[in-house]
Amino acid sequence: MEEAKKLQKARQRVWEIVEAAKPGDKASRVFDLFMFALIVLNVAAVIVGSVKSVEATYGHQLQLFETFSVAVFTVEYLARLWACVCRPEFARSAMGRLRFALRPMQIIDLLAILPFYLEFLPIDARFVRIFRLFRLLRLAKLNRYSKTSQMLARVFASRKEELVITASVMIVTLILASSFIYFAENEAQPDKFPDIPSAMWWAIVTLTTVGYGDVYPVTTLGKFLAATIAVLGIGLFALPAGILGASFVEEIERQKAGKQHCPHCGEELE
Amino acid sequence: MEEAKKLQKARQRVWEIVEAAKPGDKASRVFDLFMFALIVLNVAAVIVGSVKSVEATYGHQLQLFETFSVAVFTVEYLARLWACVCRPEFARSAMGRLRFALRPMQIIDLLAILPFYLEFLPIDARFVRIFRLFRLLRLAKLNRYSKTSQMLARVFASRKEELVITASVMIVTLILASSFIYFAENEAQPDKFPDIPSAMWWAIVTLTTVGYGDVYPVTTLGKFLAATIAVLGIGLFALPAGILGASFVEEIERQKAGKQHCPHCGEELE
Amino acid sequence: MEEAKKLQKARQRVWEIVEAAKPGDKASRVFDLFMFALIVLNVAAVIVGSVKSVEATYGHQLQLFETFSVAVFTVEYLARLWACVCRPEFARSAMGRLRFALRPMQIIDLLAILPFYLEFLPIDARFVRIFRLFRLLRLAKLNRYSKTSQMLARVFASRKEELVITASVMIVTLILASSFIYFAENEAQPDKFPDIPSAMWWAIVTLTTVGYGDVYPVTTLGKFLAATIAVLGIGLFALPAGILGASFVEEIERQKAGKQHCPHCGEELE
Amino acid sequence: MEEAKKLQKARQRVWEIVEAAKPGDKASRVFDLFMFALIVLNVAAVIVGSVKSVEATYGHQLQLFETFSVAVFTVEYLARLWACVCRPEFARSAMGRLRFALRPMQIIDLLAILPFYLEFLPIDARFVRIFRLFRLLRLAKLNRYSKTSQMLARVFASRKEELVITASVMIVTLILASSFIYFAENEAQPDKFPDIPSAMWWAIVTLTTVGYGDVYPVTTLGKFLAATIAVLGIGLFALPAGILGASFVEEIERQKAGKQHCPHCGEELE
């Protein structure tokens, strides 16, 4: 009985440290800082490790660091899985843990460490390394970044309707633009515009105004169509950015305005 | 007499299903879903059918699907034409039907199926396939999309004045820009800037900031003019996008604010 | 006496027709329409006349049309110069006319017809033709367009302060960006970045996001500097467009709101 | 005693002239104008001096002008250093002057003249010349520009939160984008995408929509990833510009609204 209570208390404590911190919890803050540093160093290791000369010289050290990181992340992953049952929503030990493990953030965490253990399988080594970058997304979960992540999520949610509408119109525009240019250019440049899906690459490069210059119309009809598509369509592809931008500023303003302060001590209230 | 009444009732019913649905009409909703799926599959068929390897392997199946689709679209087109007289505005059987058939959306529908029947004519086969993409525009007529289409139309209508003004200034800018660059570059690059219409291609590619890099000024004067044109003109070409974007967001906000709810059941009112 | 009065009346009438119309003045409206058509046709003639094959086939007709146009524009220019003294501000016959002739719009009009008379001088023929495009700017003076021109002028005037500030910051950015990239790339690409003025071409092409791809950094330092310049500077070059766009929409809204209607007939008042 | 008072008065006067002017101080205004002209001419000299043909012809004159400028800037720098002790915050002669000299603007001023004295050291001559451009930043200190500089600083400060958040999300996007494209393209184009840092150059060129065309994906997976990254990420990279733009306009509006006028003379108050 005594034992069980102790265990539950330990679980509660572990949960507080790795997942939901109470304000002023020192252990949790140290853990957060450590994880932040580890993630940043990990991402840096993946990036510089992709440079061949660095890999040749420091490959061994990077491998050691990777092993250490995966060990930490694995322990942390298991700790969370072990402790999650202290929350009422994941209370039932087996089913609760499974439901917890299937949350998107947990899956990302698993994907970020799993490749290390699968390395003996015949998978492309680079592919494995890319997955390590999922660790980057873990930053979103740290207490210091969770507010920002939540705000971004709110911004997207509040403009869902606009985004769905613009996305639909963008898809229709993309299909029509690439079909028309395919029709106009296919004969003159069969290697550049062999089919409509290839023409979509041109359409996206043009409508986002990136314009690499690897494909562009050369016939008079193609140029005329491309000019029309560019003038009419570019605005459309710039819409989502404008909508999210305005919403983003609005949301921050609302947050600033809504911050309440304690009438006694003047401190900002959550 | 009884017969005529029955016929009219059938017409009314067909009209409700294919064109204007009452809320909660199950047959109409099933029809909408079916048409939606058919249109999406049709567009997908046109896109993947343009890929040579797909055409070679699945050409026959795609052809069968096309025949089936055109059959459905033809029946649906005729059904609408037959049923439209139940509406007071198209009541007179011959003239009413003609006026109905000449509405833009009906013409687009006709264009989307007609090529199939004209295939034996000596027309470019790719050209025929492009017309099939007009079916995409039919999505705008489905009940689930008609509100969005109406909103987009309202946004354009409410900013008509701004768009006309900016379009005029854009055309003047385009003409001046391409004339100046033609004057500056024609001698140095007679193949790239042979005449003003060709210089317009450069001007649009530059003013929309696409910048493929197929044509660009090389003389000092040309570069100076191009730099000036770019700095001053690009903003102008970005204006319509900004104007429509702001109007678009405004319109959705207005719609959200203006949504009225029934005081008795709390349901949203149309 | 009688004669002088008649002359003054004629002057007044000519002035009304060619310059400031009273609403409902039919002759003035016909004149405006005629000038509009003539200007548009003139500009079209310059554009298509630059195409060599058109010039070869229709060169003679285009030349005839040009002669006719210049005749009309010359008569109109002289008519305005003759009639302007009916206005109190240009009342004194010689000095008033000179002051009228020195107004920017009059100088543009003169520049648009003068080249025709100077053709026997040893000037580049293309250069002469470009000047004919100044006729395009005359559209701004037609009654139907004068409101738009005035509105555009107001928009620029109301944001003068913002534009001056952003222009200053843009110039400083441009100088720093091109100097830094010159320093980084001059050695590696002495032909692409031979001096700072040449690097400015790169800077403008990059900061406006046109990105032709004729010049780009290849050294690591150059790429790092270019990336930093792009991320920080592009927003700056997009500012004027955003500022003018917002002001433009505001101005039109103000105009819509401010339109007064006659309480008796409901007609819109000027 | 008398001497010391005189010295202090001289210091005070020198300080007023070179640094903080009282309104209506003629000497200070003349000094400002002179410095403005000298800085602009200096920058122009650096720019045109980088052109080889100009350097060959006018190299000697430019060198003389540079020597003269450095002399003036040195005298002015020392004058400020000598006079700063008249301000209470830099009152203690040695420590106060040191603290004054370590202010960012003073360091920039030093960097702008120091290279001249270090020319005999084996440093790259071009590198030295670039530092001379720091003089450009001195414009920000002139009285006529200090308000603008302060406003820009305020705009950045008021949007600090937004900028930090978007910058974080931009960095995460940049890392993920370059890693994904590296994974997709490394095998097909090992020279263009040799490692993730190189892929970052592609990512920035794409996400800012510059699109030089020196690197672009060629594999189907790479094109698909690039299209997705472009459509989703470009808006993100346009956000800071939009945020700062809106804030900038707001700030100027606030300043216009907040300008107070003396109730007695109607003059604008500072």
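Order of writing sets the chain letters: A, B, C and D. Residues in each chain are counted from 1.
Everything that follows uses one rule, which is that contacts are C-beta pairs under 8 Å (C-beta built on N, C-alpha and C of every residue); 3 or more make two chains touch, one makes a residue touch a chain.
For clarity, every value in this text was computed on a predicted model and none was experimentally measured.
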item: Any chain that touches chain D and chain B; value: A, C
item: Chain B against chain A, contact positions shared by both copies (same if over half, else different); value: different
item: Cα-superposition angle relating the copies chain C and chain B, to nearest 5°; value: 90
item: Repeated interface matching C-D, over half of the contact pairs identical, chosen among B-D, B-C or A-C; value: B-C
item: A-D or A-C, whichever has more C-beta pairs in contact; value: A-D
item: Between chain A and chain D, centroid-to-centroid distance (C-alpha), Å; value: 34
item: Averaged-CA centre spacing for the pair chain C and chain A, given as whole angstrom; value: 48
item: For chain C, residues that touch 2 or more chains besides their own; value: 209-213, 238, 242, 246
item: Contact graph of the chains (line, ring, star, complete, other); value: complete
item: Chain A - residues contacting chain B, complex; value: 161-162, 165-166, 168-169, 172, 175-176, 179-180, 182-183, 186, 194-197, 206, 209-213, 216, 223, 227, 230-231, 234-236, 238-239, 242-243, 246
item: In the complex with chain D, residue positions of chain B that touch it; value: 209-213
item: Residue numbers on chain B that touch chain A, as the complex places them; value: 43, 46-48, 50-52, 126-127, 130, 133, 136-137, 139, 145, 148, 151-152, 170, 200-201, 204-205, 208-214, 237-238, 240-242, 244-246, 248-249, 252, 256
